[in-house]
Every structure is written in C-alpha cells, then in structure tokens.
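Take a look at the following structure, please.
Order of writing sets the labels: A, B, C, D and E. Residues in every chain begin at 1.
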Amino acid sequence: MMTILIALAALGCLTLVLAILLIAANKKLHVVEDPRIDTVEAMLPSVNCGACGYPGCRQFAEALVAGKALPGKCSVSTDETRVAIARFLGVALGAEEKRVARLACAGGTNVARNRARYHGVKSCQAASLVSGGGKACFWGCLGYGDCEAVCDFDAITMNAFALPVVDVDKCTACGDCVEVCPKDLFSLHPVSHRLWVNCKNLGQGEAVLEECQVACTACGKCAMDAADNLITMVNNLPVVNYSKNHHTRIPIQRCPTGAIVWLDDQLGAIKGTESKKIVRKGQRRAGIT
Amino acid sequence: MLNKTLNIAASPHITRGISIVDIMRNVVWALLPVTAFAVYAFGLGALMLLITTTFSAVLTEHVLCRINRKESTVSDWSAVITGLLLGLTLPPGLPLWMAFVGGVISIALGKFAFGGLGYNAFNPALVGRAVLQAAFPAAMTTWHPAFLSDRFSAFPAATFTLPFMEPATDGLTGATPLTVLSLATDGFTGATPLAAFKFERITTETADLALGLISGSTGETCAILIILGGIYLIARNMMNWRIPVSILSTVFVLSGIFYLTDNPIYPSPFFMLFSGGLMLGALFMATDTVGSPITPAGAWLYGVIIGLLVVVIRLWGGLPEGVMYAILLGNALSPHIDNLIRPRVYGTTTRENSHASKAFIRTIRQQPENAPGDGQHRVDLRPDHRTDLSGHTVTDSPAQGRSAGESDFQGHSGNDHKKDISD
Amino acid sequence: MEFFGIHSLRKTLAHWIPPGFRKISPVFDPSLAGRSGLVSESIHRSLKQGIHLPEHKDETCGLPIRQFPFTPLIILPMVQHAGVPSQIVVREGQEVERGQLLATAGGYLSVPQHAPVSGIVQKIGHVPTISGKMVQGIYLKTFPFSSQEVVEGKPIDAETATRAEILQSIQNAGIVGLGGAAFPTHAKLKIPAGKHCDVVILNGIECEPYLTTDHRVMLEQADDIMRGIRYLLKATDARQVIIAIGGNKPDAASHLATKIPNGEPVSIRMIPVKYPQGAEKMLVTALLGYEVPSGKLPIEVGAVVINVATAAEIGRLLPHGRGIQERVITITGPGVKKKGNYLMPIGTPLRFVLEQVGVEDNSSLVCMGGPMMGVAVSNLDISITKGTSGILVFTGNADNPADKIYPCIHCGACVAACPMSLDPAKLGILAKFAAYDDMAEKYNLMDCFECGACAYVCPSHIPLVHYFKLSKNRVKKRSMAKTMHDSSG
Amino acid sequence: MSTRTKTTFLAALDKSPPTNDFIKGLWRENPVFVQVLGMCPVLAVSNTAENALVMGLATTFVLLMSNTLVSLLRAFIPRQVRIACYVLIIATFVTMTDYLIQAISLELHQALGAFISLIVVNCLILGRAEAFASRNTTGRSMLDALGMGLGFTFGLLCLGAVRELLGSGSLFNVVIFPDHFQEWVVMMLPAGGFFTLAIWLLIFNAAKKSKD
Amino acid sequence: MKTESLWYIFINASLINNFVLAYFLGICPFLGVSGKKETAMKMGGAVTFVMLIASICAYGLNALLIAIGAPFLQLISFIVVIASTVQLVEMFIKKMSPALFRALGIFLPLITTNCAILGLALFQTNLGYGFLESIIYALGAGAGFTLALLLMAGLRERLDFADTPSVAKGTVLTLFIAGILSLSFMGFAGLGG
C-alpha cells in the first residue's frame, strides 16, 4: 500500500513540475504561423514547378494566403483543386485560359540534314555549345531531348525523328522546356492559337531547303493570302498577329513546304494542300559540309 | 575530304592517351612479383587461394553486371586487382570456399552495392577481408608456415574443406581454443610476428621481415617486393606517393618515439614498419584512389590518420594488428578530408591576397624613388596607406576602386579573356 | 575553405626563407631597365599546376610567314570581336578598296571593320560563324586583277598624340586581341578610374601546341612590336613593359632583345614551358607574383596583358592610320599537306584555305585555334576572323573519335592539373547531375577558363570541359533570368 | 476456386476497412521492411530466432495495449501533451512486460537486456499511437496494432532466423546443420545485423520492382 | 562495479561500444538524418546536448527513486522527464533558430523516442556510474553518435552522385555502409583497457 502511495506521490509531483514547466515554456516560446498555409500547401500539387512565378508550392501557398496571388495561377492543379482552394480561402479563382508549350520546328531527322557529326555529352544544351550542334539548320531542333528530360509532367516525348511532341492534355505551361531549349524553339501559347509557324529558319529561298525540307523559304505567300495583315514577314519569317482574327486556315494553303500549319487536337499539325508531302521514314543523309 | 561530314566535339581535341584500364593493368603488373613470391613461399595452397579469390571476384563482377543489364566491366581489370589483393591478405591455408565467399563479398558488397568502379567508398578487398575476419575468426588467424618442404607437392589440410564446413586443423599451428578466442577479432593480418610480439613479446629480425622469411598472410610477408611494386607504380605516375610515404613515416616516427622511451611493450620502429600488413596496406590498399582524398594535402592528412590509427591499435588496442581497420576508417573519413582540405582557388581573395595586391601596387610605384637593386624589399602588408606617384600618402577604400572598375567594364569579366590563353 | 590557415602560415614562413627562394620577390628591376639585350629567366615560380604537352611546333616554327592567295569571295561577319556588332555602312553592289571602312563600331565595346580586299559588296545578309550562330555580315567579291593596295589613313604619331587619341585610333583601326578572345584592345587599354597601370605585359608565351603564329611574329615583326610598345606605353601611362616569352622560343627572345631601343623600359622574361602558362592570369602571377582576384582583370594588380601580335599590329597600322585587313595564321595538324604560317586576309572562307593548303583524305576534325581551347568547326563556309590564330586539321577514325568514358576514379590528376586550383572531379560529377548552382556557389565554377588541362589528363576520358562549358552557360542564363525577374518585379 | 475469383475476393477483403487495418501491417505497410521503423530492437535482438520471437510478441503486446488505451482515451488527452501521455501509457505497459518476461524466464530476460525497456522508445509504437490510434475507433486500433505487431514479429523472425541459422547453425536452438558446420560469427555481431537487414530490404525492393 | 578511468569511459562509449554501430541505439535518426553533413552535425549536437541533460536527470532521479524505495518507477520517470526535457529543447530551438528547426524537421520530436537517450540513462544506471562518470559517459556516447552520423553523412553525400543500383538505393546502402563502419570500429576493441 505504502509503495503505491509513494509511486503515486512521486509520479504526481513529477508530472506537476514538468507540466508547469511546459506550460510556461509554451507561453514564452510560442511561434505563430498561419495554419492555413499548411492546408493550402497540402492542396497544391507540390511539384514545385514554378509555373506560378513562385519558387515552390510553399511560397505560392504563402502568397495565396496573404492574398498576393490567385489560385488560377497554378496551372498544374486540376480545376477542382483550384476551385477548392479558392473556396477555402474565400477568394476569386482568377482563371486563365489554358496555355501549352508549342514547338516551332518540324525538322526531324527525316527532313533535316546534319552538317557535322557531334560527339560529346548527349544533351541539346551541350551540343549547342559545340559550333551550334551538328544540325545543318542553325535554328532547328537538335533532338537530344533536353525538353523531354526536364518536363516533370511527362508531357513531352521524342518521336521517331528525334523531335519533341507535346501532349496538350498533360502540358501545364510551366515553362521548363522554354527555358531549357538552347535554340529557343518552345513558347507558351493559349490552346486556341491554332495557326502556327512551324519554323525558325531565318534563311531565304531555295538554299534553305538544302538544310531542311520543311523550312520556311520566306516566299511570303501566307502573308499575302491572309486578310487584314494577320501575318507579316519579319526577318524572313511569317509572324502571326494573334490579337487579330486568327481562326482561319487560308494562310496555310499555299505554303510550299508546310512551314505554316494548322494545329488540330486530334490530327496534329495540318499542312496546306500545296505543300510537298515528304514520306521518308529513314534518316536524311548527312550531306557535304 | 572537303566533301566529308566533319566531326565536332568540345575542346580539348587531344588527350594524354592514358585510360584507367592502363592504370589498373599496371597495378596488376606491380602485384605480380609479390604474388610470385607468395606462391614460392607458401606453395600450392597459396596458388589455389589466389586463383580462387581472383576468379570469384571476376565472376561476381560479371554476373552482377549481367543481372543489372549493364555491360560487363570485367575488362577494366579492377575486379582482378580486388581479387588478387584479397587473396594476398588472406592466410595461405584458408579453406578455398571461404576465399570464394570473400571474393563474392568484396565485389558485391564492397563495390557493386555502391555503384561499381569509381563509387566504392571503401577498398573492396578490405571489405571482403573484414567480413571474412569477423565471420571466421578462427580460420582467419590460423597461420600456415612458410617454406615447408612439401609445399609444392601437398596442399594445406584446410584448403579443400567442404563448403560451409569447419576447416580441419592440421596440428601445425597449435591454435588452441584459448588463442583462438584471444585472437577472435584479429586485425588485418595478425601475422605471426606481430601476434608473437603482442602476446609473448617475441621480436623478429628486421631482415627476416623485409625478406619475407616469416609466416603471415599470403602476400604481405616480403616487404622488399611490395616496395618494388610500389616504386614501379610511383615511377609511372600511377600511384599517389604521398599516401604510402605519409603512412609509413607516421608509423615510423610515432613508434620510434615510443621505442625511445625504452618500455618493453613498445617494439622498434623497423619492426613496426616491416611486420604485418602495413607495407601491403600502405602501398596497395590505402592508395586506392576512390577511397582516398583527392588533393595532395588531403592525401598527407589521410596518410597521417591511417598511420596514427595503426600505431594506436597495434600498441594499445586489444588486437595485434590494425592496418585493415585503419584503412577502412581512413576511407570513411576521406569525404570529410576532401571537404576540409580544398586548395585555395586562384584569385579568391583571402585577406592576405587582397593586401598583397595592394602592397604590390605600392611597391612598384615606389621603385623609381628607392630602387633596391637587389630586389629584396620587405613587402609591407598594411592595407590602409600607400604612396602615390607624387609621394602623397593616400587612403583608398577598396570598394571605391572596385566599383569604378566595374562600371567601365560592363559585361566583361575576367573570364571573357579566357581565349587569351593561346596568345 | 582553408585548413588551419595553411596560407597565412606560408606567408609567415616566407620571412625565414632565403630571399632568392621567396615566392614574393621583386617585379621589375629598374636598375636593369633600359638596357637593351636583356633576357632573363623569370625569377618567379612558374605555374605550379598545369601540364606538359607534346608541342608539335617544330613543323611550322621554322617556316617564314607567307602571303596567302586572295580568295574570290570574302565572308565578313559583323561579330568578330567580343561585344557589340559593327554597323555596316556600305550597301550591296558598292565597290570598295582594300582598307576602306565597311562598318563602324556599334558602340564603345565594338570596333569598325575594313575591307580586307578590294572588291564589290555582293550581298549583305546572314553569314555563319564559328559559334554556330548566324549573324549579319558582308559577302565581298574580290576584284581578280586588283593590285590590292591598301588605303592610307591619317597617321598617328606616338610622340605627339594624346592618350585619348591613341586609344581612339586603336579602335578606329579595328584592332582586337589577336590571341583568341578578340576583346577590343582599346577597351582593354583604357585604365578604369581609380586604377593605375604599372606594367604592360606582352604575351608571347604561346603555350598551345601546334601554334607558332606569335613565334613567327616575334621573329619577323620585331620592329612593329617595338613601335607598338611606344603606343602602348603612351596609351596606358605604364612605366615598363615586360615581354614574356615561352622557354621554347629562345631565338625569338634573343632577336627581340637586339631590337629593344636604348632607354626603353622594356625587359624580356623567359618562362618555362608549361600549359596553360599563357593564360592572362597565370602569366601575371608568374611575372609579378600576385594573383588576379577572382572575376577581376589584371588591371586590379596594375597590369595589362596584350598579345605580341596585337602589339605588332598596333605598331604597323597606327603610323599609317590604316585598319586591320589581314593577320598571321598557323595552318598545321596531321591532316594538312602544306603546313605553315600565312598572312591571310580576314574573311577568307575555311573551304578556300583548306583547298589551297591541301588536306589528307582521312581528315576528320577541323579546329580553329589551338588543340586545347580551339573550336571544332561544323561548317567549312565560315571564315577566318580577327581572333583566329590557327587552323588545325586532325585525322582519325571519323566514326568514333571519342574514347570510352569510364566513371571517375577520384585519381586527382585533374586537381593537380587545374591552374585555378579548382576541383574538376567534383565539378564533373555535379555537372553530370545538373547541380549547377552548387557548382557555382561552392566550387567556384565561374573561375574555370576552360583551358582543358583537366580533360586532357583525365584517365576516365570524362568530357570535363564540355560539362563546364555547359554548366557555365546554364549558370549565366539563370542569373540573367534572375536579374530580369528581379528588375521586373 | 479460380485464381481470378480468388484475387477479386482478396481485393474485396483488402478494401473492407477492418481487414485492411489488419492486413496492411503484415505486408503492404510492414513496419520492418516497408516503413523501416523501430530498427533498434530489430537489429539488436535478432541474433537468434527465439529472442526475435519473444521481442516481437512483447512489442505486439505493448502495441496492442497502448493502441487500445490511446484510442479509448483519445477524446480526453489534450493535444499539447499527447506525446507525453502516450509515452506514459507505453512506459507502464513496458514495465509490466519487463517484469512478466522476468517472471517467465530470467535467462531470456538477460538475453534481451535493456531492449525490453527500450520498447518504450520504439518509433513504431509511438507512431501507431500518434498516426492511427488517436484518430480511430478502439476496434480498428486494436486490429491495426495486431497487424502491425505481427508484421513486426514477422520481420524480426526473418532476421533472427537467418542470423541464427548462419551464426550458430541452429533454429530456435534446434541444431539444423550437421557437425563441423562453420559458424559465421559475423552474423552474431552488430555488423551482421546491419547486413542481414540490408539484404532482406534488398530482396523486398527487388520483389517490389519486378512486380511493377 | 569496477572503477574505470574517465578516459576509458569516454573511449568506450564513443568508439569501442559505439551507441549506433555496436548497440544499435538511435538507428532511426542515423538512417534518417545522415543524408547531409550539416544536418548530421546539428542532429549530433542536439542529441549530445539532450544526452547530457538526460544523463544528469537520470542520475538525480535514480538517486531519488532509490531513496524513496521505488526503483520500479525508473523507466516511467526516466521517459517522462526526458520527454519533457526534449519538448522544452524543441520549443527553445523553434524559437531561437527556425532554420535549424526546419532542418531537423520531424526528427526533433523523435529525439524523445530516440533509444540512444533512454538507453544511455538505463545503461549508466545499470553500470552504477557516479555523477562525473555519467556526464563523461553521456559526452562519449554523444560524441560517438555524432561521429557515426558524420561519417555516414560524408559517405552518403558522396554516394548521392553514384550509379548505385536502384534496388540498393537509400536505406539498403545506408545499412551496408553502417555494417562496414561497424566492422571497422571493431578495430578499437580492447583500446584503453
């Protein structure tokens, strides 16, 4: 009996002393942090892609809670998540039109020629530092797939001709591929931009075709055909003014090489009726230097 | 040619033309004299042992590469080195199945688990040996005598023990249960001279040690041949000489100091140097480039630490020998040594350097006035004063000068002059 | 990070070391200055790290400079120098005389360009450059039967012209560093406010294998160099000039020594052969004993380093007020049939050059510059620029010139070779895993000047320099993006 | 029963919450091989199968009791001092277990040493109390504790069996291998514990990988 | 109890019978926080500090419990006192150094349930160490823990950039290294004895 009493008393005293200490410490050393940040962060996809303009999801969550940003900025989340966050914080959604990464090159290995054989680190970034890479077209895609590797969402795959293909559904417009491409071939565009110039070659005339059979020869037919100055030729390339009515397929029809295309969700890039059809499946022969 | 497709690659366009395969092959060459002596001294048993360890190491490497669907890396000779070194550190009469297990462990645990050549943080052969030592302490401290008359006609009794069976003692070693117990967790070799000294205070002649007229692990007895192999590699610039030199000199100096205290428990420095696995360890194990520091200063420190640990374990530890443990610990420390000791990068301004450059500016301006002729003037490192051309003392804050310099040279840093090298 | 302050310890110890062996020893001995015929070994320790390379210089160093034939078509990119492109002032179809101004400087950090030949402007458009970029440029058709006389301009006299005038005329002459980086020389000679140039170093080390351009220039254009020195002294207000010459060129040193006029504060130093001793920073340290602070220029320690060929060009052009139209180029390598040093109009296309000298059938790689830092070309339609010091043609198995890459075995050969005392092994591993920020912040990536010593010695054949080029490029891009991001919001 | 119905049956079983609570600890969230929790006793007392079994059962017992009590009291424990409360509860049961084992076999108690007491600080027990019992009903918590405890015992046994078999040629003190078996002393040493666990984890990883 | 020199107690606790590599105490933080040197250093420091406090508390408590004749309360009171102390330390760190708090993350509360701390308290009681000996023992154990953690962190940092086979990545490799380290620490056996 005595032992039990001693045990009770000892434990009781101990607990009391410690409890008082802890309570005092809790008061003195308490750190305040908005608990909503954690909740919002948990709702975000935590891929830290940076598409929202913040370094990571945590910072974005802080900005959201502080009212400095709107949930719509997060292009990675699903619509439901964005709505849920907006509802949780009691703010507007701030939705934007879905944007995707578009590639401005169609020069796969079947149509574009290599000028030199590149040896070294298998990366576009690295290759571009060695005389611009081995490709004959100085502006074209090098095809080592840096964009495929950098994409956190598996939205980019390299096709049989070493050209990246963007999966519009998976693309979150995070901009990583835009940043990583040494030839600056990617840009972010609203999905509704369907009239697309699929080339960046600044060359002019038939000589360009020696480098790549689907390059823009700067013939200017598209600019002539498009109404209302929708397309202007700048530096030997057509430039579409998307602030005008660009929902027309007329400009692509007379393009001799298919450098200007209509992007279709199902069918992919549709070329004009007069463009050459290239059906080569193998590699285009590396020509003379 | 002008019509051919050119190759392009990043500079430099020439290389030294030595690959790691060459280095590895030369290490094997350097080990061959030791191996030959081992076979000469211990006979057929040692030969079988060395063949077994090498074979099992190479086989394991090949099989693991295949399992991992990688190209087999057997051809780079590194597995051969591991197997050979492992065999050289084992007692000559060890059952072959244990040797085989050792080879497998060396490669699988010591090398492959870490990611293969280049990532094996510990010396693979020593990992194999450490595991064997801990697993079979009795067999690993059973020393088969050298120079037996029947060594080329008969195998040691234990050699052909059935797998997973205890080796039969052939009565030559007198390994009583008591000594087995006391040697239970022996060091790298526990070679007889060291054990004899540790437990019975019997010293062995240095000449015998150097020439290998003793018993011990298969390949550690003949110090002379080991040194010759090491010198060959050092001469071919394929071994970091700092590591063996620092290990050996640390052991020599430290044990010399203790020897001079005239206490009978401290052996002579020559005995320390030539006994046990120190020579083989210092020259061929500790110098494994992967597990050792990369900078020269780091290599010195690494060697000193290993030497220190060897002396500490040998003199005060419970084990007669500690080279294996010392090297493994040195391997574990080497990432930290690499982090601690990094050469100062050229032009990164430590305080002295920034003072020095200012002092230089001052001296060169003073020279026309007080030309010293013999060119030996003390450089005043005081940063705050300097004399300009007219003899006035000016005080100049470094920040001012720097910002002015930058504004004039926008967009071109020192790096932009990189191509000036071909000047 | 220093360990136990090793370096301060060394400084302390320096006082106990006999004077002759001290690292910090005098820079310049005024009592000897002005005496012509002085050639001395460098008294400072030469490069501690670095590597010894097979030189391959014997094939061309004995061959005098020869005039190269005029090409029918000159291709002249407007970016031949570091900095802003030149502005074209001619129009298509215009006839130009040799030496006539074709383009003016596009800004302060830019130089004008002059017609390398007399001819007609065929086209103005995109021309390929060695970096792979297409830039604005001029196609100039050479008049086949022209005497190719050079247009004279307004002479500049070193004695009477002011500092600013000399700098301006150097810019007007279109002179850039002929060593390789092609940095506008007038910008290099302009001493920033608050700094003082004490010594002008003429760089005649030429540590790259194969190249003998500077060697021949020193032997054949010594008078031009001496004339150039006078302009340089005036332009920088320096008190002395040191001509640094590689230890493998004693003939150049003794020849130059005979040319030093009495009373000129010019001395010559021979520096032991080691690569990359010719790098600006390494040279300053070897001659003066001080290190150029990280990310800074040699002017920080009171020195300006100019290539000997650049000095020769200044001495040759300024008295006539001409613009630069040609330069000396070494054409060599295992694949070249007629090796030699040629005086070649700038803008000569590579294809024409190789057609003229002839190349072996198994040639596989053409490189502009030295083998250690030169750039492999993908396109023979690019042309010789002001920065081209050599053209090398290598032969070999065209299909697989690259050696098998093994993992890093931590052997430390690269650490011993790196002249900047970096840790290329660690940097290489980090680069492989794209840890660029770590490389820049913790391992001083940006101090690497891509000399190639690490990749040369690496027994694992890891393309270290390529990794570093890539990493530096990425770091620069990111920091640029960051500053843009910061400034925008 | 065809394999297909069997799998659907198992899947259905898997989906029902109570069974899931029990099953997940055995395999999918096995504390030893998947979560790598409570490694101290796993490594320290797995040198023989017997020790491993006793340790596993003791842990299961403590886990069961503490989970039950915690889930019962979960409404009354203030959030700020919950950890202290859990520890108190666990410590009580551990002391009981300690004395219980001592009563059963003094020899066993000595073999297990301080590690019985150290069950108190087994991350597994506190982890389950915090992550499961404090949020779920008593029934589910008990099932969870049983599953986790048995999974833990299974993991311990896996290690103990290998180490005893190689280390002394026996299993549960029954001699398995014939005379003259060479014992792998390393298996009895700490290093052997590390290696054996690593190899088991390796096998599990490989199995998981081949399944994917 | 035989009396041991303080030096031997320190060597024993830190090297010969290293808490992590020989006693398997504190394996959770050893596996969890040994990825980065800086974190390992901080964790080692924190554990050493808590060990010191726990050692002092345990010494006092043990004396008290023996005095009032309730040794069966040993475990409960130890753990309660240690838990509260750790919670105090945790609050303190959170206030003083949020960065450190973030770096140690979930492992700070886990120091409470770190076997090494309770193990230390129990062992020192079992060994019958006096006050000074207890403190030295705690310091040795802490130093040994930190050493093991640091060695592991250095190796793991290097091996972050290794072609480790995917099945051996992470915990498996860490355990392999721990095993090898444990073997190499066997070299210290008999030291100072």
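Everything that follows uses one rule, which is that a residue touches a chain if its C-beta (ideal position, glycine included) is under 8 Å from a C-beta of that chain, and two chains touch if they have at least 3 such contacts.
Worth saying up front: this structure is predicted, and the values here are computed from it rather than measured.
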| item | value |
| --- | --- |
| Central chain (distance from its CA mean to the mean of all protein CA atoms) | B |
| Comparison of C-E and A-C by number of C-beta pairs in contact, larger one | A-C |
| Relative to subunit E, chain with the most remote C-alpha centre | C |
| Identity of the chain that, by mean CA position, is farthest from subunit D | C |
| Subunit A-subunit D separation of Cα centroids, rounded to whole Å | 47 |
| Whole-Å separation of chain centres (CA-atom averages), subunit B against subunit E | 31 |
| Between subunit B and subunit D, centroid-to-centroid distance (C-alpha), Å | 42 |
| Centre-to-centre distance between subunit E and subunit D (centres being mean Cα positions), rounded to whole Å | 22 |
| Residues of subunit B engaged with two or more neighbouring chains | 2, 4-10, 109, 116, 118-119, 131, 134, 339 |
| Touching two or more other chains - residue numbers and ranges from subunit D | 84, 186, 189, 191-192, 195 |
| Set of subunit C residues in contact with two or more other chains | 375-378, 380, 398, 401-402, 407, 463, 466, 469 |
| Residue ranges of subunit D touching subunit E (in the complex, touch as defined) | 36-41, 43-44, 83-84, 87-88, 91-92, 94-95, 98-99, 114, 117-118, 120-123, 126, 186, 189-195, 197-198, 201-202, 205-206, 209 |
| Residues of subunit A touching subunit C in the complex | 115-121, 123, 125-126, 128-134, 138-139, 179, 202-204, 289 |
| Complex interface listing, subunit D residues touching subunit B | 177, 180-182, 184-187, 189, 191-192, 195 |
| Residue ranges of subunit E in contact with subunit D within the complex | 21-28, 31, 72, 75-76, 79-80, 83-84, 87, 109-110, 112-115, 117-119, 122-123, 126, 166-168, 171-173, 175-176, 178-180, 182-183, 186 |
| Touch list for subunit E against partner subunit B, complex | 37, 150-151, 154-155, 157-159, 162-165, 168, 172-173, 176-177, 180-181, 183-193 |
